[in-house]
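I'd like to ask some things about the structure below.
Labels run A, B, C and D following the written order; every chain starts at residue 1.
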Amino acid sequence: MPNSFGTLFTITTWGESHGTAVGVVVDGCPPNLPLTAAEIQIELDRRRPGQSDIVTPRKESDTVEILSGLYEGRTTGTPISMLVRNADQRPGAYDEMVEKFRPSHADFTYQAKFGRRDPRGGGRSSARETIGRVAAGAIAKKILALAGSVEIRAYLTQVHDIDMPTRDSFPTLAEVEATPVRCPDAATAERMIARIKEVRSQGDSVGGTIECRVRGLPAGLGAPVFDRLEADLAKAMLSLPATKGFEVGSGFAGTRLKGSEHNDPFAMRDGQVRTTSNRSGGVQGGISNGEELVFRTAFKPTATILQSQKTVNTKGEETELAARGRHDPCVVPRAVPIVEAMAALVLLDHWMRHAAQNLIFKF
Amino acid sequence: MPNSFGTLFTITTWGESHGTAVGVVVDGCPPNLPLTAAEIQIELDRRRPGQSDIVTPRKESDTVEILSGLYEGRTTGTPISMLVRNADQRPGAYDEMVEKFRPSHADFTYQAKFGRRDPRGGGRSSARETIGRVAAGAIAKKILALAGSVEIRAYLTQVHDIDMPTRDSFPTLAEVEATPVRCPDAATAERMIARIKEVRSQGDSVGGTIECRVRGLPAGLGAPVFDRLEADLAKAMLSLPATKGFEVGSGFAGTRLKGSEHNDPFAMRDGQVRTTSNRSGGVQGGISNGEELVFRTAFKPTATILQSQKTVNTKGEETELAARGRHDPCVVPRAVPIVEAMAALVLLDHWMRHAAQNLIFKF
Amino acid sequence: MPNSFGTLFTITTWGESHGTAVGVVVDGCPPNLPLTAAEIQIELDRRRPGQSDIVTPRKESDTVEILSGLYEGRTTGTPISMLVRNADQRPGAYDEMVEKFRPSHADFTYQAKFGRRDPRGGGRSSARETIGRVAAGAIAKKILALAGSVEIRAYLTQVHDIDMPTRDSFPTLAEVEATPVRCPDAATAERMIARIKEVRSQGDSVGGTIECRVRGLPAGLGAPVFDRLEADLAKAMLSLPATKGFEVGSGFAGTRLKGSEHNDPFAMRDGQVRTTSNRSGGVQGGISNGEELVFRTAFKPTATILQSQKTVNTKGEETELAARGRHDPCVVPRAVPIVEAMAALVLLDHWMRHAAQNLIFKF
Amino acid sequence: MPNSFGTLFTITTWGESHGTAVGVVVDGCPPNLPLTAAEIQIELDRRRPGQSDIVTPRKESDTVEILSGLYEGRTTGTPISMLVRNADQRPGAYDEMVEKFRPSHADFTYQAKFGRRDPRGGGRSSARETIGRVAAGAIAKKILALAGSVEIRAYLTQVHDIDMPTRDSFPTLAEVEATPVRCPDAATAERMIARIKEVRSQGDSVGGTIECRVRGLPAGLGAPVFDRLEADLAKAMLSLPATKGFEVGSGFAGTRLKGSEHNDPFAMRDGQVRTTSNRSGGVQGGISNGEELVFRTAFKPTATILQSQKTVNTKGEETELAARGRHDPCVVPRAVPIVEAMAALVLLDHWMRHAAQNLIFKF
């Protein structure tokens, strides 16, 4: 089921950019959870276009409807179906895409795979698909927060060649949301915004990196071998549009250390086994160790640019293409709530799996 | 099934480092494939310890037995069960591990998760688990080679701070296997070997990066949304012991380019739609585009070092630990066939999924 | 995913009887299939209430909307989301159910499982859930018909103590649809209708048996061991509301024969290996043998009756309950298209699985 | 994964009748369970051939080896790999099968599916495959017994035309095991044994029915919609060799009652909501209701008979075949522990799933 994710808390997304609607079905949600559309909407509003002058001005209210799975304001344990209508369909705006493969987009590969594609706004390959993930992730986040005081915080640490200075303290939501670029360091955020505006004026685009930190997670989540926590997080992140890399803890930089520099010594703190450094990024042998979970995801520069590019059309003729209209010069800020949503889905799923194997039958 | 991988061509691995044996069950293999234990053994010998003076001298013949799924030298379409006996069990060698959590190993997290662990050689968290993956991957590689002329080549591009110069041409197997460090650039290989010997003499360890390239892959493999080809590869790679990162194509470095620099223009070549650069790394929108698949995996320095380290014992007392005995100062060279095996498993599985949806029912 | 079915051609259903809507997401559908809502509607109309005087007069137009997965009238290979609004919600009609557990319904068990339930019309346990199955099954049926000339025909062979005489020839759709009771034997149908009207006048209900035959199926579908064709059909049928039994071929009666009477001899016919009898019901060792697939499903009498029954309320007090309003005295005729839909889903899924393992990589 | 079963407590079986060995990998077992090979062996001995004069005299000690997943006598939460060597391989005994398709066996369908089959003793289609199920089921049974005082009891209620009188009380293990035919009614058992000997003397075979009852099960296990408890049980039972039908509670006979006769009234007993009859068979709406679970499985007469039968050979020529050697004239008694094993696997899996969704996150 290529459009489903998770094993116990599962989601199935559907919908195209310019179809009737996009949506998601959440299966396996614990019952009796108080839930309102308004709570879901908060997260959707964070990923919504048109919120600031550095993102696409596409106008979408992205209002969520909950169609099933609730009774008198609480979940019933049955599937929660959620839907967001596509308001801003502009027929004609994508005529050129019907004929020409946009470079570094999915137009050609969808055609190669299926012999057919919905060219309107990228169809299924549009980032609008992530609406369903964010809606489902909002539920997962709420459960994690209620049940385990788990906090998930994603934010930009890099845009183009601008890097945020390293910081130790866990950024607050307010710090992250203080600027549209979602970098908790105010000075860096300002530079990032300037850079994004600059490339936009050039009809160009930039990428960047999102770091995500999670605190409040118990030790023991994850699994040996294939379903390691970092493996499932890597899959979750690389399943997002425009991603090119994932790293946990020390990541690629950690390969340049020696073992004596890299290992995290254990020590006792408040009666708990803890590590005195966290190059592991909160996970050892695929299982959470109770430290902060830390991982980063790389997003390439937006493929859609206003500059003219060489390409090929569906008849196999070489041609040129220049995008028109509304586009994000940098998608990374809007990806922050999506990263958080995917992290929440992975963590809740593993928590439920852990419980099933380890907490019920005690010997 | 945390010990299973794949959806149509699936593997289930089992076994601990110092138990009776380790093994794998392969389910879904196409029938009528000629197959011998000797072919599997070739790949197992590539990951076997004791092959050179830069890896662990642990002596294991790692001889594979095929227990089922073959009849008169060909697969029957039923499960192929394979087993490798653990020869070199040294009771007593791991007594200290029973009491003390090894830093940056899985000892503590297994204990936290399961309330119990097999401490002998790391038990299930040992890299011996990957024997099953390599055995299964050997079958997948053979099918890909026979059916699609697909070649999968992994090799080291970095050890500690030593980087291999960029090369365009596809490395040959002979180039890779020319040195025990499995870097196809001879001069770099020499420096890497020297560095590994140096850190070993210090009782220390180093990490590095493996690049994997695949050629001969048709366009159209992979899937939109959650089961993107790069997402499944990322999961496969991060499911390997000691991995901290994954990137495809331009990876993290690509985030520092502008869209106009990063996009891969399309052009016609030999009547095919091709790209004139390959920052996408062979995959666009989660689906292969017919170019070379290129990805890299980061391996941290080996956690086991001979220097003394601070840690905690199972009674919650702070203590020190220094490993004794046989260890790899750098596991990365031996991970090369494992990376290839996992890549083969992902690619074959996606090929079968693609076929099921797209090749049978034509309208 | 308890609300999903299938491995390659998969469906996920959602929705409650008296919520906003019920629906289904179909994932894995082959691309380029011409498809219209009207085709889906034909099957939905077959299961719709209010079609005759022997079924519930509940008025529902059950109009399907296709929300995704189509472009210019053909499938794109991406998820097909379909939705049917619940028109006839009658608040108040189910007040008594809120307090009292209906005997032999799912009220008590949902409450026991989830600590909560949607009591309006049975919520998720309502047979309205099967709308999604029928809509998805319509697609599967079309693919099977186009690709393999597969015909699936279900019909009643028994209502209460009225049994249809055995017939050899494959019933036509016209014969089945000739009467609202969907028994292809006209004389038996008349007696069944009379019996249903009789029990309805008593405020009572009856059950019955549906036989399903499939022709045009190639040999080789199904799988050894757990995913035998009959095992997956049994699961599919027992997943339908009100079912109590499943049998294939000779079924329970076959247990009363000797081996020499039961075995199906092989013979050559038109150059094909065929059997001269079909007590196997078209499946041997879990795999189709090219003969007609024949299976039967038992449906209990409708649990909702107008007579007063002893029960218990949610406070744990003994009480009485008599249903009011609109109910089917016999649900079996309306289950005919649902049985066909589930059969189509199982068969198409196994066809795709068979293709993936056996048809692509030939050695 | 056609050779795997279960979602959280999963098993993967492998092996052929006359290959090196048969085995199973159990994944997801809760840790810390005390477990010995001797406990597994008890169940294997119940299904072993050669135990009495009414079953096949094939000599197999069927000794189980546990290869992984235990440490110091307790499970570790990692995969448990178990293996039984095939001792009694008689090359030559099956030469005729290589050429001729045995009627009502899987020879032809395996050939049709895979283009190849292991003809020795039926290869993968042999009932020896169920050894792995019984070994895994022994673990599941132990967990259910320890954790929930759940008792699973299967026994024969019918052989050929001999039916056991209905009994209300739960049969004891001693009653079932008192005779080799495993019918707890002594007088009926005697008649069954006589019938089996009679048909054996005719070179013929008979089938029968196994009833299985489970007590001690809490209300709430199972799931709405596709993964109903009875649906998963039906799949489990129909996945066994030689099965033709499944029914739960009133089953096929229930279709001949009226709703007023069939419904199970609720009443309070010892402060619990209970039913005063059990035509539901312990499950309502797919979920256990706390009453005894009752289901029956139909087994056809053994396909292998010593009488001559018409068939076809692999060259497509009509011919005759008469089995020689050792065969069960009635497999049903030996299927009793297999039915119990499969029931245990389904119930434990659903218990773990129920726990994951309902017991951890309480709101």
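Following the convention adopted for this analysis, a contact is a pair of C-beta atoms (placed from the backbone, for glycine too) under 8 Å apart; a residue touches a chain by one contact, two chains touch by 3 or more.
From a predicted model like this one, the values you see are computed outputs, not experimental measurements.
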Margin query: Going by the touch criterion stated earlier, list every chain that contacts chain C and also contacts chain D.
Written below: A, B
Note to self: If I rank B-D and A-B by number of C-beta contact pairs, which comes first?
What the structure shows: A-B
Next item on the list: Return the distance between the CA-based centres of chain A and chain D, expressed in whole Å.
Entry: 45
Note to self: Quick check: how many Å separate the C-alpha centres of chain B and chain D?
What the structure shows: 39
Margin query: How many angstrom lie between the centres of chain A and chain B, each centre taken as the mean Cα position?
Written below: 26
Margin query: Two or more other chains touching the same residue: where does that happen in chain C?
Written below: 2-4, 13, 28, 31-32, 74, 77-78, 110, 113-115, 124, 224, 353, 358
Check: chain B touches which residues of chain C in the complex?
Finding: 7-8, 28-34, 74, 77-78, 143, 146-147, 224, 351-353, 355-363
Margin query: Residue numbers of chain C touching chain D in their complex, please.
Written below: 2-5, 13, 101, 103-106, 108-110, 112-115, 124-125, 129, 158, 160-161, 199, 202, 204-209, 219-228, 230-239, 241, 243-252, 254-268, 271, 273, 275-276, 279-281, 283-290, 298-305, 307, 309-312, 316-318, 353-354, 358
Item checked: Contact set on chain B toward chain D in their complex -> 1-4, 10, 12-16, 19-23, 25, 27-28, 31-32, 65, 67-69, 71, 74, 76-81, 83, 110, 113-118, 120, 123-124
